[in-house]
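Heads up, the next two complexes both have chain A, just with different partners, chain B and then chain C.
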Partner chain A sequence: MNFDFSRNHFELFGIPPLYQIDTIQLEQAYRDIQSQIHPDKFAHLSDAERRLSMQWSTQANEAYQTLKQPLGRACYLLHLNGVDIHEETNTVMSPAFLMQQMEWREAIGEARAAKDTSELEHLTGQLRTEIQAQQHQLADLLDKEKNYPKAAEIVRELKFMEKLREEINYALEALDA
Partner chain B sequence: MALLQIAEPGMSTAPHQHRLAVGIDLGTTNSLVATVRSGMSVVLHDENGRGLLPSVVRYHEDGSTDVGYSAQAMQSRDPHNTIVSVKRFMGRGLRDLPDAGSMPYQFVDAPGMVQLKTVAGVKSPVEVSADILKVLRDRAEKALGGDLVGAVITVPAYFDDAQRQATKDAARLAGLNVLRLLNEPTAAAVAYGLDNAAEGVYAVYDLGGGTFDISILRLSKGVFEVLATNGDSALGGDDFDHRIYCWILEQAKLSGVKPQDTRLLLTRAREAKEDLTFRPEVRITAVLGAGEMVDLTLTSETFTDITSSLVNKTLAPTRKALRDAGLEPEDVKGVVMVGGATRMPQIQHAVGQFFRQEPLNNLDPDKVVALGAAIQANVLAGNRSDDDWLLLDVIPLSLGLETMGGLVEKVIPRNSTIPVARAQEFTTYKDGQTAMSIHVVQGERELVSDCRSLAKFELRGIPPMVAGGARIRVTFQVDADGLLSVSAREKSSGVEASIVVKPSYGLSDDEITRMLLTSQENAKADMAARALREQQVEAGRLIEAIEAALNENGDSLLSATERAEIDEGMAVLRRTLEGANHQLIKDQIEKLNHISEMFAGRRMDQSVQKALTGHKLEELEI
Partner chain C sequence: MSYSTKVLDHYENPRNVGTFGKDDEGVATGMVGAPACGDVMKLQIKVNKDGVIEDAKFKTYGCGSAIASSSLVTEWVKGKTLDEALTIKNTQIAEELALPPVKIHCSVLAEDAIKAAVADYKAKHGEMVETAACKG
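Coming up: the complex of A and B.
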């Protein structure tokens, strides 16, 4: 294969490797690249060009999806800085955080059992606020203090919170059906 | 001096020549074909000036077929052999059709996809769809005066992999080169967006004869980005007809209705539904086979009442799509209405209330999908388009794998922008395990049994290791048509297996060949001629593409040796084109594709660099 996997996602879009990025700039760069390489631009060309365009376009989508989401971006930055977040093996979380998680799960479970859509939506809002607070902290840790081990800890916590968010969405969907 | 080359008639490779391409809306009720003519997207008509082709095929004993209005006129008299709404059966097994019992067909339960018994033999929905597509292809070739380079075929956004694959197979069977499978709401958004220079977040509410889609798109500076899509691939205008039909049976106290009468009453139901768009009430009259009289009056109020659950069934997916897009109804700037069924006042009302705004009805809901597909086909065929725009679409349903205990591990979540690839690692659960069966499913549920099974295949030859020792990487790739291919690889040994996902429901290449062979108008000699013709067209396309690329940047990107190698490859292909051996041409096409691969890679790389450089210049200006 000829295409250049060595460029990291930030380099691909020509943006600085930071947690706090200009999302409009990212979006624009992504659209500019897709405008050049999307399979629709190669539909009338040779098999080789069509295949490569699919691979490139796939790669650009992957890179964009990773950087677009704050959590994906944080994981990727940690990865670039040689810090593995050890999702599977490192499950040591602070007792306070775990306690909080249990409370969340209980609240979601109760709202789900009571088919209380507005409570579920209220919980979504509350969760969003907490996630935002964590993200602020993450920005300082990654971009200013460069404290990667501590950042990895926050990322692990955020992953738990993302799962909560999914659970709420799942409950809302189940009530819709 | 080099000899001048003269192209074979009909195979001209002049780069400025307009390539004939069409967009086809293969609908449940009606189908259409459209093309771009002098910059305008237009629907092509039959000799009687009609744009719509009813998606109805009637089979005769001698194997001949009627398609369209003539078939539709006979559907009550010959219900077994007159197939309507075949789109509902595409990629579906008998158990997927809950109302099969009330349909006037003789179904044959075949593995993967249901089939229909007719006087002309057992027909697969793919064959029936191909018969509709053939009529549209002929119409287009007559109207445009030449062979088509290709077609964009539209599919409901919520079609799963099986339904998409079946549609693509039907197009192949009809002798069409599929440039792209395009989602219907996306096609409508293209037609609407380009027409109105729309910017912002739009919803496309598409209720057709048999399918419902809701897509949320962001239109910005020529980019159509689908943020989320949802729907129900078994909900449409037909269901509203069916509710009226059931109401008639109940009111007229009818039971044990014969197939002919069923068809007649369904037709009356459809007419009543259409009339209720303009009138507060309609009279429904019919004389059944045994002489019973039906004479009823249906008010718009009753109609709204008996169909309210159907209307609500469209709102649940709408809510889901908005949630997936992270938006509220008031974030939506406009709601584009697509599909004939959106003419029903209760639909207009419900959508207006949900989005708190008047829906947009300024495009013909029957034609907008075909018009959008034609615009896309024109660009994909390589004809220059004045405005440069880009479509970014998504997959509608999550793709995953079966893991222990019949659970689904999602590999690619729904609403991922395509093309997309994702890999997931799995391991063995027994000591010394040497094979692993890989079961690919599509759907949102947690249990395999609740999702659609797409394919099963086996990775064999894994070196025996302790349980959990092997590292099997399964890669899913979804292309720009939304079609999936899966490969699996054991990392330490390099053992590999891959599959284009189709066997558990779709047609194998052999089956397609068999259908082509058995279909009347494709005698064996025709087959060979067609295979040759296909390869000639393909070769012509490749040579033309490479020549254009060489002219553009062959000098800057290739060394003299590399250039000579490509030139030689093209010369060989041109020589084989003089003969009539399609296999030889095919081999040479593959060779040339291989030789030109690194050139393609460099061109692609340069494109990306260009995109980036352009971007950086813009930043400097700020």
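Coming up: the complex of A and C.
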């Protein structure tokens, strides 16, 4: 087995470095790698070789987890193209976007306080529509226009949208319990 | 992860939560957000004729550290001039609240909220501040 740790996640699975990928192909490639490096097959190897195959397996797993999620894939593509999304330090989002975030949070908080499950489900639907629109935009920016700075902006926005999705789910779970 | 006593104190008894009235004079707003955790923070300052921040309010949707950071800075900015408020650094906030490394971005958010609020004030009242400064 040829361990090449210098390959990026896309090269590892032999898929094109794009946002829009064939997720079935990705999964198949991941399974192929994992089946080749199953620990049982290395029982006869030396400790060093076993450690290496373990590392390989870990890397394949990490690569798969990263590429499987659209947002993880987008961040990784930006990283490959030298763009950091600065999620820890870039706090300057557009005021309109932040205002909208505040409104979403307030709406979720109010629905939760009022134990209004149907409103929360309505918000989930709205959120899904918005996330899908942003994902389409992201696909164009990353795969066609190669506009990475703008794509980084959308990724940052999507991070907030993911958080909203979590918040709605927490609220629904709390009301369910 | 466990929160420090000071974070818990601000989290359980947040100071200065709320929003100023839309027509209140001398009010400026800073809105910021942290993509890392999806937190959003709104910090408002109320500035008097002498250019001193006499009151501050905040509204933050986020974790305990983000709430504590914003609560703390509303206390710190009160009584400060705009320029003094701008000297507040995230490291001071993180130190005061004993924030762990993974929560440093919450203090960055609070520092940036002050900057955004001051920038908003200056954009709205730029000339008035200058006049006040000249007289002083």
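Simple rule for what comes next: the second predicted complex is superposed on the first by the 155 of 177 C-alpha atoms of A that agree within 3 Å, B and C clash if a C-alpha of one lies under 4 Å from a C-alpha of the other, contacts with A are read in each partner's own complex, and residues count from 1 in each chain.
By our rule, a contact is a pair of C-beta atoms (placed from the backbone, for glycine too) under 8 Å apart; a residue touches a chain by one contact, two chains touch by 3 or more.
This is a predicted model, so every value here is computed, not measured.
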Partner chain(s) touched by A:48 [first = chain B, second = chain C, both, neither]: first
Chain B versus chain C as contact partner of A:168, first or second or both or neither: neither
First, second, both or neither for A:101, with chain B first and chain C second: second
Partner chain(s) touched by A:77 [first = chain B, second = chain C, both, neither]: neither
Contacts of A:35 with chain B and chain C, given as first, second, both or neither: first
Partner chain(s) touched by A:159 [first = chain B, second = chain C, both, neither]: second
Which superposed partner A:26 touches (first chain B, second chain C, both, neither): neither
More chain A residues in contact [chain B versus chain C]: B
First (chain B), second (chain C), both or neither touched by A:63: neither
Sites on chain B touched by chain A in the complex: 19, 149-150, 179-180, 221, 223, 316, 319-320, 323, 376, 379-382, 388, 390-392, 416-421, 444, 477, 479-480, 541-542, 545-546, 549, 589, 592-594, 596-598, 600-605, 607-608, 610-612, 614-616, 619
Interfacial residue positions of chain A with respect to chain C in the complex: 85-93, 95, 97-99, 101-102, 105, 155-157, 159-160, 162-164, 166
Parts of chain C lying in touch with chain A, wherever the complex brings them together: 31-40, 42, 59, 61, 104-105, 108-109, 112-113, 116
Of chain A, residues touching chain B in the complex: 1-4, 12-14, 25, 28-29, 31-40, 43-49, 52-54, 56-58, 61-62, 64-65, 169, 172-173, 176-177
